[in-house]
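Scroll down for the structure; my scribbles are underneath it.
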Amino acid sequence: MNNILAFPMILPIIAGVLLLFFRLKPNVQRWGSVLTMVVVFLISLSILEKVMDEGILRLDFGEWAPPFGITFVADAFAMLLVTTSSLVTILCLLYAAFAKDEKREKFFLYPFLLLLIAGVNGAFLTGDLFNLFVCFEVMLLASYVLMTLGGEKKQLTEGIKYILINILSSWFFLLGIAYLYGTLGTLNMAHLSQRIAEAGQPPLLTTISILFLIVFSLKAGLVLYFWLPGSYGALPTAVSALFAALLTKVGVYALFRSFTLLFYHEPSITHTIIGVMAMMTMIGGSIGAIAYKDVRKIAAYNVIIAIGFILVGLASNNIESMQGSIYYLVHDILVKGLLFLMVGTVIYLTGKTRFDQVSGLMTNYPLFGWIFLITLLSLGGIPPFSGFAGKLLIGKGALVAGEYVMVAVAFLSSLFVLYSLLRIFLHMFWGETSILKKNQIYLSKGMLASCFILAVLTIGLGLGMSVVSPYVTDAANVLTNPHLYIEGALNND
Amino acid sequence: METVITLLVGLLVSVATYLLLSKNVIRVVLGSAILSHAIHLLLITMGGLKKGGVPILGDKVETYVDALPQALILTAIVISFAVTSFFLALMYRTYQSIGTDNLHEMRGTNDE
Amino acid sequence: MISIHAFILIPILTAFLIPFIGKQFPKWHLGWVTLAVPILLFSFFVSKIPVISANRTITGSIPWIRALDLHFAVYLDGLSLIFTLLIAGVGSLVVLYSIFYLSKEKESLSHFYAYLLLFMGAMLGVVLSDNLMVLYLFWELTSISSFLLIAFWFHRKKSRYGAQKSFLITVGGGIAMLVGFIMLQVMTATNSVQEIIAMRDSIQDHELFVPALVLILLGAFTKSAQFPFHIWLPDAMEAPTPVSAYLHSATMVKAGLFLVARFTPVFGGEATWFWLVSGVGIFTMFWGSFTAVRQNDLKALLAYSTISQLGLMMSLFGLGSAALQGGASIDSIIYTQAIFAALFHLVNHATFKGALFMVVGIVDHGVGTRDVRKLGGLLSLMPITFTLSVIGSFSMAGLPPFNGFLSKEMFFTAVLNAHEMSMFSMDTWGLLFPVIAWIGSIFTFIYSMFIVFRTFLRPYRRERLEKDPHEASIGMLLSPIILCTFVILLFFFPNLLSKYLLAPAMNGILPTYQNMEGFIPKISAWHGFNLELLMTAGVVILGIILMNTYRFWNVIYDLFPEKRSLDRGYQWLLAASESGSKKATDHYMTGFLPNYLYYIFGFLLLTVGGTLFLSGSIVFDPSNDAPVSLYEAIFVGIMGITAVGILFAKSRMTATLLNGVLGYSIAVFFVLFKAPDLALTQLVVETVTTVLFLLCFYHLPEWSKEDRSWKVRFPKIILSIGMGALTVLIALSVQGNNLFESISSYFEDSYELAGGRNIVNTILGDFRAFDTMLEVVVLFIAGIGVYTLVKLKAPQGGDKIERK
Amino acid sequence: MRENDLILQTVSKVAVFIILTFGVYLFLSGHHNPGGGFIGGLTLSSAFVLLYLAFDVESVNAGIPLNYKMVAAIGVLIAIFTGMGSLLFGRAFLSQSSAYFNLPVFGKTGFATVTLFESGIALGVVGVVITIMISISEDV
């Protein structure tokens, strides 16, 4: 019994609901939510350590043994993501606390953010397919509200699209659950895995697995990313950063879980499709990233490229590529958060959204400019920043798997990443400054602090990647050996 | 019975899909509502129909119908209620704000 | 051996300290602080000459990411020693020169020296790393520091343009190289270059061997500005001149050569390697010199000349790699001499080209322009500078008594030997090498002379210059003087260099040839009347003629107009890919939701349906079905009709009510299907939803008609039927495929287990209480969400970017 | 909204009581018969919905001055904290338990944490549904 496992999800919910009672006390809201996430982060870290010591942990809600009750299962993969997500949430909340968007703060910005992260953490932890659906809904409902919070026209119209596509994918998810339950008669993921293995994944199950692939691809933005660029462009900075860092990652997580734990018997069908989709995503993202001058769009398409890149690891389906994907996921959560904070801050400082409308920010905000350069290099996977290890291993894994075309697309896409962001850097940060000193908007140290910390993290993580290695190795080990997960999630002693 | 209901579900899905592809938001919402109905029906069908008594323990009945899908559907109904009501409110607000319920007019610009 | 690591890190750490020193001690000239670093490095590496020339190597390793086999491993052998000395030596001179070149008042010196030191450390890292990935790290770091230095004056548009170009090309090449490295690692399971060299024989037949080779060469070619990637180098001249002298002629651009030399033991002997390296090299040599002649900007001229000289060295490395074909043998030893020539020229080039760049910088600094159309007659005004330019240019042109003569002669020897090779189908193509080399040398001669004649001789025209010309200060002259001294010294004492530096480097590149007779030649200025000397004479004679008739034949450059240059091609490529991408993305990212749904449904039908049909998993087995009673059938009929009715509803009110009917019918079904809880819930929810629908619709307009044209309707119908059919087919197959008993029989003991008789309710309240709890959270979010949505309205006046 | 719907209003008053009673019944009987927190809560709130339809928002609000957002929040908190109660006894999160008491009037009464949990659910549902209704109808 590991009640502590429930906390990464429950604590934010409690805090979120409690903060409702402090509607007109913005400081309580701000620092209460930051504090909550700090606690959640520390708890997640300790769970992660415990997982390393004791192996996979499990919490049976209501003490109903699996597969009958709902369980939370913490393996290193899930916990790494929970920990990283909580960390990036702290920084986004910190940014929001200094950005002081009082209009939204009064309308429960922080409770919704906390509920969002609750859903995210729940999705990472749950060991039950239907509960995954419910956790998704917690996250999605919160994201729907955040998407439209503020009521600006663009938020509303983009919100309608975002929400409808997600509703659709939720119903497909339910459809998939119905089919799976009809065939296998159970909902616990480990139990499902056992039964699928026993049945040898007949063609029907492969078909159903493709339905799940579509569902999670919609969430992850794999090929079906149509909702993504528009909606991310309509959000306030801190929210967009959190969306970019987390929302798609939950879909990615679900893809990894379902195709390593459940449907891993027919990789020649499923993983081939994933590979093709990953390439399509990278290509679509790459051309999208250089197509527009709107910095938010550029950033959004960069999210898409990364999704494709991470999925190369799943498609290649070996231990190296899995490790690579996990490294890259951890990196991407942090750096996408950073990128969106940077982009949002640029817009805040200049009031302009297109990079050709601004120049010379380096002169006005030098430290900010350097952080942007670091962001750019880190996103491009340049060592010694945090993206390198993942990039390296994904490449290696794909090569070992003989996926040469995929390797080519993946590494070309990182050139597009660099180019798309380099354009922003060259135009907006270099050049003659277009802002006079006296008209310069003050960039508060608090807002800069979040960016700075994330930048330090990407460097520190890059240099100190060996700190993360044991967790990643362990996580990839579980992903490539489903029986480990099953043992951890089902054994009753 | 199962086959009949499945066919009905198929019909509902078709209708829902057709509505979802409309450019009028109201039609789209109706489509989504019908889709959720269809899936709830399908979910209960997946547990097998009328294969026993009402799943309330009593002395008379020996077997019960599969109760788990019912619990899931109950959850799903509530969730779809939550989603639908939020979406309705959004639609209403959007109309209030931009004066249209036509998706074609909600395309947004490409900013360049 | 920790010390070598330390010497890589010292410049990098100092780079980060420099801005702080600058702030703390504003009176200090940062150049002097900086200068200490390369001098320290230089003396350290000089002190290693005895060890290395005794044919030993120094290694050391610090773990970085063990799980990935990433170690900060260093390996100092003869090859890397030459480079370290160049980096530290030329580095010292460049820093010294820059102290007088850059104004302390006007320029941001802390940035300049920080970047320069960063580069120095990175470059040392490149030549000293034994670990592929660490090498890559430093490789990209050189690109980045070069990027920063090129854009040192970042308010200039051209600087930014040049910086972007060099970044894209060199970092792009670096990424290719990285893939090549990963391939090597996949083949050999190690990241250590030396271990890979040892495994050479076992990987030669691997299918990734040639791809890895090509990709690594891409890295080398982009970095060393080989055709057609050379286009970044001329634009890199936007950097301050000391940077051009240092990075873009003496050191960074030679990283590609280093890479080729380092990997010669791995790939040498492979035909692809030979042809790519020597072919691209020789053509670059020609193209660079040919283009250099037409330049009017002295720095551009030097840039093309650098390209040409890099090509020359590249081709020599390529020709020399032939010696490894079929293993080391005394017959092939003659080919190794190409590599020796390359190494020798590498040093020579650094001396004379460095000096020439500094000379150009002095001219630019003194008169305010580098345009040869404005310059002329500076001989009397700047006599020392003139002398230095003569030494540099004549050496570059390959004239005695300067070091360039020696290596140029050896170059001719090498191409002539290559012509006689019997492998790689050289018997057919071999003649091209001496011919192209010779033609290229003629152009080299011409532009070298241009530097001297156009700048210093010709009539002096004051009115075209911005400033009064004057001889530069001794501080500025010191560095080029030292370099020119080397130019001359190396002509007279080349064998000293050969003994202490070139020989160990040769052993590093071609270890299998060590100690063989004739492997290390004796360099002599005079070796009798032979073909090489004849070629040189021809170069001089033809060169002088062509130089004097330049205005008659320069029309041939019109064959290569600016419009169709590679540079324009690059610009076009960028512009076209941007506009093409925009077109493509706009095309499908329409912002129109139904379009997106089309894609999603279409993709779903394609993938799921495709799998369903191709895997043949469709099963239909109604034997287990429960019976259908009449009134059930009627209800099904009603629901069907209601559903279809919605499609044809004229008003949205009708549609909403029909949807309500649908919902209530489902409630009835739930009753029929023994699900009273569901029926109740469905009833209430449907009621509340319908009320909500009506509330919201109250103010909405009547719905507009959909487009009824078949063009719109047809795909809709197809997709709808497809989705319905797919759902049914899978559902039926699932029903025929009940593989396992459901777990739910467990819940039938609900009373004993959880004290409730209503199984569904017990599941909700106990077995799966967590779902229920979250469900309420979902509902809660929706409720508060509706509240915020309705209450929080954006201020009137349209979208404002978040700023308040 | 509508002033003259006197009949509707009268009927509503009666209906509301019936529905309310029914809702409470459903809520309580859920453990052994059809019903439970959700259904009870939904039914209860439908009674309120009816009130709002029959009368205007202001007068209902004047009659029942509650901040329904807070009701919903309290409901959610009750549900969660019931779940967390089991932590105090060293049991897993959301472990339900029941005990029997001999109460003076009701006799032997079962009290299960489930009931508390479900009351949280019901409260949450009521709060949310009414919040939604009020928000939209006030705005209209």
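Letters A, B, C and D mark the chains in the order given here, with residues in each chain numbered from 1 onward.
Quick note on the criterion: a residue touches a chain if its C-beta (ideal position, glycine included) is under 8 Å from a C-beta of that chain, and two chains touch if they have at least 3 such contacts.
Because the structure is a prediction, the values reported are computed rather than measured.
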| item | value |
| --- | --- |
| A-C or A-B - the one linked by more C-beta pairs in contact | A-C |
| Whole-Å separation of chain centres (CA-atom averages), chain A against chain C | 27 |
| Distance between the centres, which are taken as Cα means, of chain C and chain B, whole angstrom | 50 |
| Distance between chain centroids, defined by C-alpha means - chain B, chain D (Å) | 25 |
| Multi-chain contact sites of chain D, meaning residues that touch two or more partners | 32-34, 38, 69, 73, 76, 80, 83, 93-94, 96, 125, 128, 132, 135-136 |
| Residue numbers of chain A (touch at least two other chains) | 13, 17, 20, 61-62, 130, 134, 137, 141, 144-145, 148, 151, 153-154, 160-161, 164, 168, 175, 178-179, 181-182, 187, 230, 292, 353 |
| Shared interface positions of chain B, touching two or more other chains | 20, 28, 42, 46-47, 56, 68, 74-75, 78-79, 82-83, 85-86, 88-93, 97, 103, 106-108, 110, 112 |
| Category of the chain touch graph - line, ring, star, complete, other | complete |
| Residue ranges of chain A in contact with chain C within the complex | 13, 17, 20, 61-62, 64, 67-70, 101, 103-104, 106-108, 111-112, 115, 118, 122, 130-131, 134-135, 137-138, 141-142, 144-145, 148-155, 160-161, 164-165, 168, 172, 175, 178-179, 181-188, 191, 195, 199, 202-204, 206-208, 210-211, 213-214, 218, 223-224, 226-227, 229-230, 236-237, 269, 273, 284, 286-288, 290-292, 323, 344, 347-348, 351, 353, 360, 362, 377, 380, 382-384, 388-389, 392-393, 395-396, 399-400, 404, 407-408, 411, 414-415, 418-419, 422-423, 426, 430-432, 463, 465-466, 469-470, 472-473 |
| Touching residues on chain D, where the partner in the complex is chain C | 26, 30-39, 42-43, 45-46, 49, 53, 69, 72-73, 75-76, 79-80, 83, 93-94, 96, 98, 110, 112, 114, 117-118, 120-121, 124-125, 127-129, 131-133, 135-140 |
| Chain D to chain B touching residues, read off their complex | 32-34, 38, 125, 128, 132, 135-136 |
| List of chain A residues in touch with chain D within their complex | 1, 3, 6, 10, 13-14, 17-18, 20-21, 59-63 |
| Chain B contact footprint on chain C (complex, rising order) | 582, 586, 590-594, 597-598, 601, 622, 624-628, 632-633, 636, 639-640, 643-644, 646-647, 652, 655-656, 659, 662-663, 666, 669-670, 672-678, 681-682, 685, 688-689, 692-693, 696-697, 699-701, 703-704, 706-707, 716-717, 719-721, 723-725, 727-728, 731-732, 734-735, 742-744, 747-748, 750-751, 757-760, 763-764, 768, 771-772, 775, 778-779, 781-783, 785-786, 789-790, 793-794 |
